[in-house]
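Multiple structures follow.
Note that chain A is present in both complexes that follow, paired respectively with chain B and with chain C.
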Partner chain A sequence: MNRRRIPEGFPWVLPSLLVLLALSIYPLIYSVKLAAADRGNFTRLFTDRLFLTASIQTIVLTIAALAIEFFLGLALALLVDSLARGRMFFRTALLIPMLLPPVVAAVAWRLIYNPQFGVLNGTLRWLGFHTAHLTWTSGESSALASVILVDVWEWTPFLFLLLSAGLQAIPPEPLEAARVDGAGAWRIFRDVTLPLLKPTIVLALLLRAMDLVRIFDQIFILTQGGPGTATETVSLYIYRTAFRFSNFGYAAAMSFVLLAATMLFSRGLLRAMRAR
Partner chain B sequence: MRNVALALFLAAFLLSCSGTPQRSLTIAVNAGVEGTALKAAARQWGQANHARIEVVELPYANLFEKEQLDLTSRTGAYDVIMLDDPWFPRMAADLARLPRDPDSDFVSTCLEVCRHPYKTGAYLALPYVGNAQLFFYRKDLFEKYRLGAPKTWDDVLVAAKKIGEGEKIYGYVMRAAPGNAVVADFMPLLWAFGGGVMEGNRAICNSPPAVEALRFMLELGKYSPPGYAGFNADEVSAHLLQGTAAMSINWPAWIAAMDDPAKSKVVGKIEFSQMPGERDPGVGELGAWLVAVPAGSKHAADAFEFIYWATEPAQMKQAALRGNPPTRRSIFQSPDLIAKFRSYPAQLASLESARPRPRTAEWNEIENSFGIYLSKANDGAMDPRAALNAAADSIQKILERNESATHP
Partner chain C sequence: MLELTGITKRFGAREAVCAVSLSACAGEFVVLLGPSGCGKTTLMRIIAGLETPDEGTIRLCEQDITRRDPRERDIAMVFQSYALYPHMTIDQNIGYPLRVRKRPAAEIEAAVKNVAARLGLSGLLANLPRQLSGGERQRVALARAIIRRPKAFLMDEPLSNLDARLRVEMRAELKHLQHELKIVTIYVTHDQAEAMTLAHRIAVMRDGKIQQYDTPANVYHRPVNTFVAQFVGSPSMNLIPHGSVILGVRPEDVQLSASAQTDASPGRIYVTEEMGNETIVVVRDGSSQITARCPAGARFEFDSPVWYRFKPGKVHRFDSSGTRIQE
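Let's turn to the complex of A and B:
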């Protein structure tokens, strides 16, 4: 009788496999079951104006914050990389915002943004600006921009760190060859540095984009999605639906849409970067 | 010899196993002043009864999640839970019925929210913290401008204008961040103007009195600090404590801070009163904390013994001294406590007339939806009528989806 042999290492990986199944696979299957229990959960997504508003705002926030953080991070990485002295100091100093827990950063910014007692308006008043109508997170038109600013402040260092490491990893020979051939600084950056940095850029953008789509803690503390729905994002809405309204099925359905959108976005980004 | 020793050891082990099992209680409390008092009471009860007490202290939002999960899945993780009264209709089906009715010393508005259905059903909880909104105003400035205590919302508006112009401070301050914040500040106005959120299974928050109440709120907003559409309780209280605003709706939890020289620039200057009225008498929102035993508790008998003990007059007095507003009339009227807490007469009057939020299991979702549109109106993004029409539309959808609403 031809019995199939169990691979030799299987008993050793079994405990890890069981933990993985219990903590990742089972909850995923359970949430599919929850979402599919009522077909209305998926049809409601198309008529729910709040979900639509939250989705649009999540996209706007992700694209805006990602673009700003990427360009700032790249500029800072290039600047610090070109320094002859003090590289370590600037690298450490620039990482400080990222080291703060997001909740702490959000609480600090909430105090900074306070229209009457905050340090931001206080400084502007001291400089002679009229601040009566600068309401930052409390204004319908300024709230989303204020949230983006906090995210840029906290997470630009992350992109700076990755891009800086990418720049360090570029071998010096191609750069020297380009210089010998008479290429200028812009030409070297466009034709040598940027193509060699591309794998790092893709990784950095992917990681950051996935994190931005899930943004929760900063908004929860800064604005709670307001004023009105000015800063409502999908994750905030999912949290409320699941844990405040106890509608786990609908929350699970929204989570799957968010997951699918994130996967599509990541795939699109990868394709776009490969195509160039 | 070795066998004898082994036999003795086994006998001792079996004896210890067959003895009376140790009593134990797991209690879920709110991480805040309300929870601190219950936590201290639990420790005291545990020592007196040789019971092992485990206190799970959670922030407000997490407390609801954890309790709700435990109740619906009947895991028996908690033997006693502390719950905010608007959560009660959602949790009622999974709470154990009290073995005996509470006594009549409790303020009736607090007792009514412990029954399911509201006012008429069986008792499923006991009231522990007697929170009801109060009206805070600067007595010194009212005297300076020869204004009587505000009895109506029109009085409030007149005073806000006069004090605001005369003192160069904000005449009024309110919170209009979406969700609970703006709804809590709007409800007393809505009720005073004769409006409501829902009637049975029908949303009525766009009725003419409701539109008038929201217009009045925006009028008051002209005397509030810019950006109030994003304010929560801490911003409102900061303005009162710093002396940059003259009036607001607030909760008893902030009373102590007003008279604390380390936090306040207006010590002794703030007066606390019942909510102003308009067409109808003034009523504040009720926000009582209740204690209850989950149906899935594995130590229900001990849990009931503890909650009855913790809400007895002697224990409630201890909780009051730790900063909790009581739910018993006798504690509010105790002369030594009135001497210590000058706001007690106003708090009792406010608690006796307070109104709970509509008794529906869907209140969290309704409040969220209502709050979004109220916040938009306060921010100037929507006209009051359009905002209330949109809110009514949204609330109606929630009600139709769930069909479980009852009206207080």
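Let's turn to the complex of A and C:
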């Protein structure tokens, strides 16, 4: 007889299993139920202009912030790695933005960006610039860029930290061999450092990208998605739909689209990185 | 051609290389021989430009290269730890020095095929380094160095991880190759047989200092001190304290006989080792041991009495500090 037995350790994992069921699995099933209750929830996605705008802005924000943070983080990591001394100091100093609670950082930036009383325009005025047209987060065209700048400020240290650790883990011998083989700094970077750093790069981009597509707190505090819809993102729109307009079904449907898009994007990134 | 003058390198308080002066002529094969930790690798890294000496100068082809970047020295090096590029195939590893120099793809491919065939790597070109054994990796490192025609070769124990048979084969291959290319080569080893067979000149090192720099024959037949005397030659030279001097006799200069002889000293057989082409016999005389090299077929029983004597004119004399006493 092939009777399936309950594994011996089952009673021990039962409590965590119950918690998981209650807090993760049940809400997931419930949200599927919510979204599927009305088929209109999914068809509406295709005609909703605001959802389209929010999606495009989320993509723009993710790609722009990711690119800037990555290149800045890599440049800083290479710079600090090449220092003869003071590495520890820079490594610690550069982490400060990351140590602030995101909400505190966002509130601080809202004050900094204030066109009349903010430090940013104040400094520019002091330097002799005209600041009347510099409205930062309250300008239609500059709001998204301002949000990106805050994210760059806050999260570049994270990429710097990961890439720094990756650089340190590269064994010195292949780099020395390349020097003796006649490679200059750029060739060594391109032919040896970068390929050996690739696993770290993939990990860093993936972690950061997954965080960026569901960006919420900075925007919520800085602009609330405005002015108009200039900084509306998918997560903000979902929040509004669910908790302002109490349309939980439609919000759940959008969440699934966001989840699917994130997974597809991550897979794409992993594929692209593995191929080379 | 290659000239080191007063090279000193300190790591903290420790002197890894100590006032080393050494010169090699064009096309010469120089072997650095010494026990591990004596500073051989450090000296190689200084010549390659991976370390800066604290004192001294390096000249290559009449130019001072002491402060020059490695890439501008035009020296090829085989690293003791192979230092292959882990993400590149063997093919790409070997061809890398040529690719950096922007040679045409067809030329690189032909050159890679050629050296790979020479070193028995032809079947492995598509593999990654981690798929290879230690010996194979070492040959890849060698191939990567000899694919171009540098001003000098540096080889840091390039055969140490090969099995005995392959090591002897590659030794011959290397010697012929170096003769063909006529490029000055500094070769590091702790294996005295390798040093004897390959070198035009051997530099014997100990604790960062060069003890003797001379032809293999002179290092073997006229060692400057007891360290060189014992390090070169296998089995080692017998050193027998004799009053205020130390006598040194090579095992092949010890003659044994089973019966009492005039001018021979008595001892007892401690052990015999049949090598096939010869027999190594260890004789005990009181507290000292004397090793003798005998023709194949020499038979002695354990603990049987034996008489030994040294061939006249073949006895080296060292003073109590170990320095050779000139006759």
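The working rule: the second predicted complex is superposed on the first by the 273 of 276 C-alpha atoms of A that agree within 3 Å, B and C clash if a C-alpha of one lies under 4 Å from a C-alpha of the other, contacts with A are read in each partner's own complex, and residues count from 1 in each chain.
The criterion applied here is as follows: a residue touches a chain if its C-beta (ideal position, glycine included) is under 8 Å from a C-beta of that chain, and two chains touch if they have at least 3 such contacts.
This one's a predicted model, so the numbers in the text were calculated from it and none came from an experiment.
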item: Three-chain arrangement built on chain A, chain B and chain C clash or fit; value: fit
item: Which of chain B and chain C A:N114 touches, first, second, both or neither; value: first
item: Residues of chain A touched, compared between chain B and chain C (which is higher); value: B
item: First (chain B), second (chain C), both or neither touched by A:R179; value: second
item: Touched partner set for A:A143, first chain B, second chain C, both or neither; value: first
item: Partner chain in contact with A:F243 - chain B first, chain C second, else both or neither; value: first
item: Vertex chain A; arms to chain B and chain C (CA centroids, nearest 10 degrees); value: 160
item: Touching partner for A:D191 - first (chain B), second (chain C), both, neither; value: second
item: Minimum distance between Cα atoms of chain B and chain C in the superposition (Å); value: 52
item: Residues on chain A engaged by chain B in the complex (per definition of touch); value: 50, 114-117, 132-133, 135-140, 143, 223-230, 240, 243-247
item: List of chain B residues in touch with chain A within their complex; value: 61, 64-65, 68, 72, 90, 176-179, 225-232, 235, 238-239, 242, 244, 362, 364-365, 368, 372-373, 375-376, 378-382
item: Of all residues in chain C, those that touch chain A in their complex; value: 48-50, 69-71, 74-77, 79, 81-87, 96-97, 100-101, 144
item: Complex interface listing, chain A residues touching chain C; value: 173-174, 176-184, 187, 191-192, 195-196
